[in-house]
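Here's a structure for you.
Here the chain labels run A, B, C, D, E and F in written order, and each chain numbers its own residues starting at 1.
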Amino acid sequence: MTRLLVLNPNTTQAVTDLMMRSAASVAAPGVELSAVTAPRGVPYISNRCEALIGGAIALEMLAEVAPAPDAAILAAFGDPGLFALREAFDFPVIGVSEAAMLAACMLGGKFLIVSFTSAMLGWYRDCVAAHGLEARCAGVVALDLPFGALDMVQGAQGDQLIAFARAEAQARDAACVIFGGAPLAGLAVRARERLGRPVIDPVAAAVKLAEALAALRPMKATAGSFARPPGKSSIGLSPALANHLRRDHVE
Amino acid sequence: MTRLLVLNPNTTQAVTDLMMRSAASVAAPGVELSAVTAPRGVPYISNRCEALIGGAIALEMLAEVAPAPDAAILAAFGDPGLFALREAFDFPVIGVSEAAMLAACMLGGKFLIVSFTSAMLGWYRDCVAAHGLEARCAGVVALDLPFGALDMVQGAQGDQLIAFARAEAQARDAACVIFGGAPLAGLAVRARERLGRPVIDPVAAAVKLAEALAALRPMKATAGSFARPPGKSSIGLSPALANHLRRDHVE
Amino acid sequence: MTRLLVLNPNTTQAVTDLMMRSAASVAAPGVELSAVTAPRGVPYISNRCEALIGGAIALEMLAEVAPAPDAAILAAFGDPGLFALREAFDFPVIGVSEAAMLAACMLGGKFLIVSFTSAMLGWYRDCVAAHGLEARCAGVVALDLPFGALDMVQGAQGDQLIAFARAEAQARDAACVIFGGAPLAGLAVRARERLGRPVIDPVAAAVKLAEALAALRPMKATAGSFARPPGKSSIGLSPALANHLRRDHVE
Amino acid sequence: MTRLLVLNPNTTQAVTDLMMRSAASVAAPGVELSAVTAPRGVPYISNRCEALIGGAIALEMLAEVAPAPDAAILAAFGDPGLFALREAFDFPVIGVSEAAMLAACMLGGKFLIVSFTSAMLGWYRDCVAAHGLEARCAGVVALDLPFGALDMVQGAQGDQLIAFARAEAQARDAACVIFGGAPLAGLAVRARERLGRPVIDPVAAAVKLAEALAALRPMKATAGSFARPPGKSSIGLSPALANHLRRDHVE
Amino acid sequence: MTRLLVLNPNTTQAVTDLMMRSAASVAAPGVELSAVTAPRGVPYISNRCEALIGGAIALEMLAEVAPAPDAAILAAFGDPGLFALREAFDFPVIGVSEAAMLAACMLGGKFLIVSFTSAMLGWYRDCVAAHGLEARCAGVVALDLPFGALDMVQGAQGDQLIAFARAEAQARDAACVIFGGAPLAGLAVRARERLGRPVIDPVAAAVKLAEALAALRPMKATAGSFARPPGKSSIGLSPALANHLRRDHVE
Amino acid sequence: MTRLLVLNPNTTQAVTDLMMRSAASVAAPGVELSAVTAPRGVPYISNRCEALIGGAIALEMLAEVAPAPDAAILAAFGDPGLFALREAFDFPVIGVSEAAMLAACMLGGKFLIVSFTSAMLGWYRDCVAAHGLEARCAGVVALDLPFGALDMVQGAQGDQLIAFARAEAQARDAACVIFGGAPLAGLAVRARERLGRPVIDPVAAAVKLAEALAALRPMKATAGSFARPPGKSSIGLSPALANHLRRDHVE
């Protein structure tokens, strides 16, 4: 059995639930999915500042998880704190943006990332660059219609987002489209036919790539820049995180 | 049930068998693996010229496959003809180099590609560049000891290759190592502990990523540069390939 | 006397004839031009799949050429199989895209590639990238009017293509324009005055650069990744190509 | 009068003191320097995980500062959380790595970053990339001798670090050297003569560039991806940070 | 006291005066600004050819300066001859384009360069590339309205330039704007509020960064590619420049 | 008949003579070669400062040439002032570095540039970057043995330079070697056999590519950034150059 943990660094349980539906729809038989929602932070991370806060909280959350999952999925588009999580823990940690982009690479050419608000674009572009995937990215674009509650976006603007994505993909010769941001989780399925190009759902991609990584079982690095750092004392951090940094718990 | 086809564009059945062992060791329950070995071409592709020949033969081979698999794996490091295959067929086609590199990306930082002969390096470097992954590649290196039969390389030089990979990964700060070339299929498992860094087996990675892609079911592009080209007549090609180009067969 | 071979990997003799007119218009005195047209393949290569087929056929065609020319010109925009041909033969092989891009470089700034159909753009962009010339390319664009027979494109759409190229070159600050694709061979001459920017004809550029290379007589590499590979057996290839791979013929 | 705040995201007061000495040695007349040391976190940030923690703590620290300084200096090489801080606050925030690299750019060619431990290299390389300055970086290297207490490194290994930097700068044709990491603050002055190349002290550079920015008074962005995000509620964050996110305090 | 020399390689005294006003408005107390205007050359450098002429004249001008300033500012957007000046003299030389771009980097994201005539764009783009800052540049654009005398441009087109810059910055997600070209010196101040993004004045930035560099006192390189070349004889150059090249004068 | 002008921006006639021998050895029948040697400047340009001086003198020299040649060759490795010359004159101007690099591109893979002194490396690297050809360059390296008169270098160190180039090309997988610097003109012929890789002589390549360009007759740009600038007055320039800038002479 493979145990995958979906870590939502947002505090909104409804976002976790939405993502778990995407996750469950593709998980292989024998995969056990569980989820944790951030106990503190912001309802929905949408810029660099909140990503920094959310990333640090994700560290605390993972430090509390026991027993260790076979792989963890960092379930916020933009992958807040991903490389730090990857360095600090012994099991693989995969970001949903990362998973979507890597899955898109397998379809050839370049991918287009589409959001519902340009507030996210700067941070998303930083994310593409941090993954060294700018050479595969045809653009990061937003439709930017006014919207009310986040959980209404997909319903209210779904058709317009699909039409927008179609036009942008055509203009930029993108081979594939990724809808970024949890409120768009699942839109991929509905968009597929009407876009003329394949669409990758980030959460679904992350589940399948996490399964893949869990099966490939690449050892945790013991040398180099992704090895787990040596134990270190700290002040004023959450007990579990402080323990983890000190490497006191049994590994 | 997911049906994956392992397509070996080399004519050597033993190479197919070796790769199928790697493939079988990681395939999920419910995945049916089958393989085809090139009926013509060279025993083992090892340069750009042979990659061109092998890529064109891979086209012929895929055109003969019926019924269509859920995904095909192009099982020669260097991914000969991959983008053409991806464009021409309605099911996903994944290269073993591509799969190894994308899986390596999920481990962070840069990957190192290690071969047993520098004859392959120019072609392998072309492959990394064609995938737009140079920003994630710490180097493409070869140990270059004299060797006899290809199927003896891993046995005779395995330890030296591991030591070489270890030193190069350290010097180049590679987070992960990929052994390239079918004669090294399976060396990943043995190398893992001694390298201090995770090792990705290309064939195993391709099987897991092909499973992932089959499950994600991204529609074949009907627009853009990876859509299947319109029907075209030809002269002197294999009957199956000519049919495929003409788009005469039922799809 | 310098003997240049124009190798057309398309099966259409009329395309060969059109290109030979461009070639003949610039060839220096004392240069003997000859041409071969693909005996099999597709009438006109226009995507990655057909480029793979055509590239492999080009290998067969060059393997049959005797005596060796002073240089060969691969006369299909997109340079199908170019690096493999260059590796495999002892005389220089130059692609028409490559020649056009390198000649354009001598005019400063960036070049713009203009096609008559967006079907070709993905493959053309791959070609620019494969030559490592993305830093010199202002764009690869197509006008995309409906057209009938290929040999009518230049006549029917010539003026519109020139106006389109003029506007795109202005918008992208391209210092120079290249019309790509054999059906546009010769359009350069007519476009020159009206574009306000120099125009390079790919076939003409290839003839002059092939003459240059023939005169410079850079030895064929005997080491490194463009040296000719050692002899190898094969199965089911054309007799001439099999011989060439085996290195049985006198060199 | 210009008020500059030196923000040390490490918990070690001695590191703050060391950096303040560098800062004071170059501050212009009329510049008032103050410092804050992290009240919680780790003694000395030395990897991605600790940088994430320290970056989030830096946010808390800046949210508590009143009145706002004319500019803040994020005083940890690697610039933990810099872009988030820059986005979130109305005054300029400058990183010491950033300042050192930009000052080095004014000396021409490429800079070399030298550390005393390779544990830091992965994180430092991420930092260079995040600033888009890879084209100006000749390398990120470490001497990696064993060391005891951090505050002994400069005394014990100073001469060896200088000799190492000299050799690496020569081999990589670096026009300028940056010693990275607070324990090396001030080494620049001593190294200058013996390196044959200019040396930039990160903290000193940050003070001068912060002065420059304070004088240039570029307005805080009100649009685009570095504008301050709209107010947002949160759970469980420090009161000052929660207030800042909510934008409740007077601005 | 810090002595900064503003070197105007144009022959127009009014341009020098305009730039000195920008300079004086930000210079720190205790900074002594002086200026030299080119005694020969063109009234206003606006292309690569004139930049080459002006760069060589700047060399002559600097060779005549005595005593040496603490730093020199090359006061023509495009930085004509900057790297040669930097190599040849013992005091720091900073270009106004360079200073504007580096100051802009401290504001995060990418900068946009705006000119009043597209005649300058090719040369300006070369400048961005020569500084290795293409990764930080969102574009180099011009409004291109007809204009009469250069000193009327800012008055006549100021509002339109600001509106144009605003729209382009929005479309390209530039975090910051730089108005390039001496006739726009000082426009930054007026534009600030209306752009919604910070604006950097090149001359002002150069003064502050020159002050910073003068205070940091990085030694002149004595090794590597920015060391001053050994003495060399010459024919027909200005006496001061010939002396400087011969290294005859006291240093 | 094609008239090519070899413009030597160095003042040493012997260097002109050496380069003319290389040029004459490859010029086609019917090509008339003439040469001009700089009447002022330095004996041999070897750094950025001298390149700036030499570039400006090359402008003066070309302005005096009448009648206009079919193409001019800027005969100093490093291509001092090339883009300015190209912009300012109506006939094509080709640099010897540029020609060597573009000819090398036709041989596949990457080229290695070898010099006899590291003093030149910084300037040469700037040149590769200015041509946008870093993606094709395997390195710029120097042997750096002490040498006496420049015209003795090739004789005294030829064998050592060839051995050095061989080792470096092997280590960096360069497909081709370019010896840079006039004192090495002609070394290519002697090195060919012993290097195992093709060698390009810069002057010879420039002659052949200039012939090519003259035959292709791409019109001078009348729009865009390489169009000749409009007439402009100047002060204190050479009469011929002032005339040329004013566009007074008949064109």
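Note that a contact is a pair of C-beta atoms (placed from the backbone, for glycine too) under 8 Å apart; a residue touches a chain by one contact, two chains touch by 3 or more.
Predicted, not measured: the structure shown is a model, and the values here were computed from it.
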Separation of subunit A from subunit F in touching-chain steps, minimised, is 2
Relative to subunit F, the most remote chain by C-alpha centroid is chain A
Which one of A-E, C-F or E-F makes the same contacts as B-C, at least in over half of the residue pairs? E-F
Separation of the C-alpha centres, subunit A versus subunit D, in whole Å, is 29
Subunit D-subunit F separation of Cα centroids, rounded to whole Å: 44
Could you list the positions in subunit F whose residues touch two or more of the other chains? 83, 87, 109, 121-122, 125, 132, 173, 175, 224-226
Chains touch one another in the pairs A-B, A-C, A-D, A-E, B-C, B-D, B-F, C-E, C-F, D-E, D-F, E-F
Residues of subunit A that touch subunit E when the two form their complex: 118, 121-122, 125
Show me the residue ranges of subunit A that touch subunit C in the complex, using the header's touch definition. 109, 173, 175
Tell me, which parts of subunit E touch subunit D in their complex? 26, 28-30, 83, 86-87, 92, 94, 98-99, 102-103, 105-109, 131-136, 169-170, 173-176, 192-193, 196-201, 204-205, 208-209, 211-213, 215-216, 218-227
Which of the residues in subunit C come into contact with subunit B in the complex? 11, 39-43, 46-53, 55-57, 59, 81, 83-85, 87-88, 119, 121-123, 125-126, 129-130, 132, 224-226, 229, 232-237, 241, 245
